[in-house]
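Order as written gives the chain letters A, B, C and D; numbering starts at 1 within each chain.
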Amino acid sequence: MSRKSKRSLKEKLALKNSLVKEALSEFLGTFILIALGCGCVGQAVLSRGAHGGPMTVSVGFAMAVTIAVYVSGGVSGGHINPAVSLAMCVTGRLKWTKLPIYILAQLLGAFVGAAAVFGIYYDAFMEYSNGNLEVTGPNATAHIFATYPAPYLSLINGFADQVMSTAVLLLAIFAIFDTRNNKVPKGLEPIAIGLLIIALTCSLGMNSGCAMNPARDLGPRLFTAIAGWGMEVFTAGNNWWWVPIVAPMLGGVLGATIYIVFIEIHHSDTQPEEENDVYDKYELTNMDPATHHKRQ
Amino acid sequence: MSRKSKRSLKEKLALKNSLVKEALSEFLGTFILIALGCGCVGQAVLSRGAHGGPMTVSVGFAMAVTIAVYVSGGVSGGHINPAVSLAMCVTGRLKWTKLPIYILAQLLGAFVGAAAVFGIYYDAFMEYSNGNLEVTGPNATAHIFATYPAPYLSLINGFADQVMSTAVLLLAIFAIFDTRNNKVPKGLEPIAIGLLIIALTCSLGMNSGCAMNPARDLGPRLFTAIAGWGMEVFTAGNNWWWVPIVAPMLGGVLGATIYIVFIEIHHSDTQPEEENDVYDKYELTNMDPATHHKRQ
Amino acid sequence: MSRKSKRSLKEKLALKNSLVKEALSEFLGTFILIALGCGCVGQAVLSRGAHGGPMTVSVGFAMAVTIAVYVSGGVSGGHINPAVSLAMCVTGRLKWTKLPIYILAQLLGAFVGAAAVFGIYYDAFMEYSNGNLEVTGPNATAHIFATYPAPYLSLINGFADQVMSTAVLLLAIFAIFDTRNNKVPKGLEPIAIGLLIIALTCSLGMNSGCAMNPARDLGPRLFTAIAGWGMEVFTAGNNWWWVPIVAPMLGGVLGATIYIVFIEIHHSDTQPEEENDVYDKYELTNMDPATHHKRQ
Amino acid sequence: MSRKSKRSLKEKLALKNSLVKEALSEFLGTFILIALGCGCVGQAVLSRGAHGGPMTVSVGFAMAVTIAVYVSGGVSGGHINPAVSLAMCVTGRLKWTKLPIYILAQLLGAFVGAAAVFGIYYDAFMEYSNGNLEVTGPNATAHIFATYPAPYLSLINGFADQVMSTAVLLLAIFAIFDTRNNKVPKGLEPIAIGLLIIALTCSLGMNSGCAMNPARDLGPRLFTAIAGWGMEVFTAGNNWWWVPIVAPMLGGVLGATIYIVFIEIHHSDTQPEEENDVYDKYELTNMDPATHHKRQ
């Protein structure tokens, strides 16, 4: 193919409409999030611990988030999560008109990502439980896709769990991107977000798997309902399914609001230079002024 | 809400007083440190190892520190630790008048963070020990919040342990922020601090859990005393409670002093450029001068 | 040796032909990839889990990739993988005439790397199975070098597994290097690639070890065939050996194509500045224009 | 203390002699390396696996290296290893006259670091083996400090192991600092070195613990000889002690030489810009020239 024909093919395919671009980006990002993230859970469960455990699931899922944000960050902001998109709308960082498209693309990406995990591990699923796709019990595999509450967990505690973990998620994301706080350098935000996911899944993962993302939970749950696990995926855990949808939406807005009220609104607009000079406090007050200039 | 009304709401809420801002920042940072950090210990203990172990606690707690410093770094320096704040005062990096407010905010944040862990894992706590909140024994859960000495540990060895680990903590923090040493690039210091915490908790965590932070220890301990574990949290371990308060304060100042005496005071003021040119030693002495210019 | 003589020795050895340089670079990079990467598998297998497990293999192998890319990135692009080189050719990033040399250098590097692992662990191999070098069974060691399918895996599922994992690998590599997406800062791409490998090996490693690289698989397999494991390394797993050669080549091109179709071709050429301004969406729309200028 | 008096105290203490500065820096760096690094081994051994295992030792030790290089990198280059210093001398990056001082400071730092580990874990040592400090057997603790060969390992295989692992170490360090390769950004080299240590310890750690550093091995070994383990620390493992001294010195020079011969001497001096333009190969050859300018 000559350069010229490639160029014109590119021109034909290129989308001028930014919303469609963004939808494609969110779709692809969320697909990768679920294909790799739920893949980590699948590897640990289906190998009965031989090829994975709490650490591979936590770190692997976190790195799946990092990669998904690298893929979709530049075009659509790399939300890959309706709770993030909603918080962005509420705080004026995303147009409300875009919200439904973002959420739809995320849900679709998560659904297809779940299908990919099922496809890639199809033989393993068949081997694991002789073809029985079970939601509960010792051979359960539904929790590879969607989250389910621990046996001890009440609905109200589970709801609070999802509100709080998503609140911390958004609060920290707002800090990571706040140019007047100690912002992560451009191009490394996805890695910082991955480290954040490690902290959250190691600390708040025990109650119900730390979904913190309605698309990450509903998309794969819908897939399992269709693919053979049946409607029990919705009734299990005292009809748990709506909690990781509603609670993260609330929690995300709550966390964003807490960050803004505790930190962001207090940045002084008039002296941004001083404000921006993070960690001056770490330096000697009697330092030579000359030395100050050499700082990067 | 229109942009205008949002703006004016912001103006009303914004704090002009920098000390109050900093207190809010330290409160929020320490809250996140404890909510996620002690959450990691809780997940490992309450799941009896099924959802966590030494590695998730070490890495998860470290990443909790990273996130906490990202949240509070730009406004208050991200101390989230009275031992850090004291060392900053002693070395002239923080005004002494601010110290009490910093410490109070940190203690309060840690207390509320501990309450969050208890709340989020309330059902798990009840399940774990049938509602008995025990400080010692096989079903002990108090060490999810505050640190306790290993059975073999004497008070003097435990005191030395806390002095030394906090000394290394501060020594390394001073190196990480020293612009005339090989400073971590701006915006990545919190990640370097997280890696430091991994090293410290993997190496010096066995004696008494590597508190290195009076607020991290006393705040949650006060919470457990009130929340149902009782006054045994103070008497356990031969009245251990005061060690992770006093020893880190001494250790922090010691570590900062060691860094200054061994490294910082020897930076030559007159030739800062050469001094700053870290790792010249790694380059060929007979290298073309032209090549030197192309270095970033 | 005087500086002068060293200089002239350098001039004699220096290669003016860029293709030979690049071949040396790919050889050395792939050697390190296999020496350290397969070394991680060796350590876990030969110590029967005492010195390694899923986590050390995943993280250790990933860091081996990172180091290999640091060593070879600046001269030859750090492909260390024929599937990467092919995708680069197909998308116009590498000249087709270079492809055979790249692949040959990679294969040779992988072969020598496998020999290094065998040499360094020679005593351990002898101890492990009394000198029997077995391809299958409880004392199998061939899978330290090349990949083999899990017992449950059909050829078609295994083929799909390798297509998909390599597709995600290339898709993510294209994102990591896309200057109009949220590109990883120069000099840190190898670390991002390492994190990507962690995600892939934790999620898609269970079926057949996640080779995703024909050189990584065939080079060591050839070595084992010669070194004493015999031709069973080719017949085992229903003649598995060709799958991790053919499937990654297809998958890599597929992944690169998906990235280009979903993301790259939609970057608007006319407004590159705006396009480049990643994460504007995260910032308040009513932010002061003045503040915008201060962003890094 | 007034600012003025602090200033004059500083002037009195500041060392004008750069060699003494560098010795202090290497001493402190190697102290931290051993105090934290051997501390990780101690925690895993003394807790009989309850508070550590292969992963905490590998990652913890690696992060100890990272922190040690941050502390000593800016003043003395952060060698903390005679094998590194020797390779720097041989390749013209360090003056030969400085070598003895560097090595002495490193040895001393390692000796004191080992003493710190023994002191901090004194009660744990006494508890572990009822006060018996043993070099071999099930209650051995000498390998917390120095390295010992696995039972199966012959001297010649062990020697090759140490040559190869140190060769890869130096080869990779040279790549990480090569400004004409894909150099790690300034201030992040210590983290890349830490990741390198993870790869090396996960892959080449099983034979004899991956010392790769004569000071790291001899310093603590001398300490154990004096502190109560006795002269068996030198005779154990068929007089193993000299291997991790001699082999790394050879291996380091070998690795540096391989890097120079395979990569460094081929950098074209005349077209450094093009050479420096790492990863151009990843970009479309038909890309707009305009786009090129916008790259960072």
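As a working rule, contacts are C-beta pairs under 8 Å (C-beta built on N, C-alpha and C of every residue); 3 or more make two chains touch, one makes a residue touch a chain.
Which protein is which chain? UniProt says A, B, C, D = Aquaporin 9.
If you're wondering where the values come from, they're calculated on a predicted model, not measured in any experiment.
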{"item": "Fitted rotation between chain C and its twin chain D in degrees, CA, nearest 5", "value": "90"}
{"item": "Greatest separation from chain D - chain, by CA centre", "value": "A"}
{"item": "Homomeric contact chain B-chain D: same or different residue positions, threshold half", "value": "different"}
{"item": "Between chain A and chain B, centroid-to-centroid distance (C-alpha), Å", "value": "26"}
{"item": "Cα-centroid distance, chain B relative to chain C, in whole angstrom", "value": "37"}
{"item": "Residues within chain B bordering two or more other chains", "value": "3, 6, 55, 59, 92, 180, 183, 185, 188, 191, 276, 285-286"}
{"item": "Of chain D, residues touching chain C in the complex", "value": "54-55, 58-59, 92, 150, 152-154, 157, 160-161, 164, 168, 171-172, 175-176, 178, 180-185, 188, 191-192, 195-196, 198-207, 258-259, 261-263, 265-268, 275-276, 278-279, 281-286, 288, 290-291, 294-296"}
{"item": "Chain A residues touching chain C - in the complex, by the definition given at the top", "value": "3, 6, 10, 13-16, 21, 24-25, 27-28, 32, 35-40, 42-43, 46-47, 50-53, 55-57, 59-60, 63-64, 66-67, 69-78, 88, 91-94, 116, 119-124, 126-127, 173-174, 177, 179-180, 183, 185-191, 194, 269, 272-273, 276"}
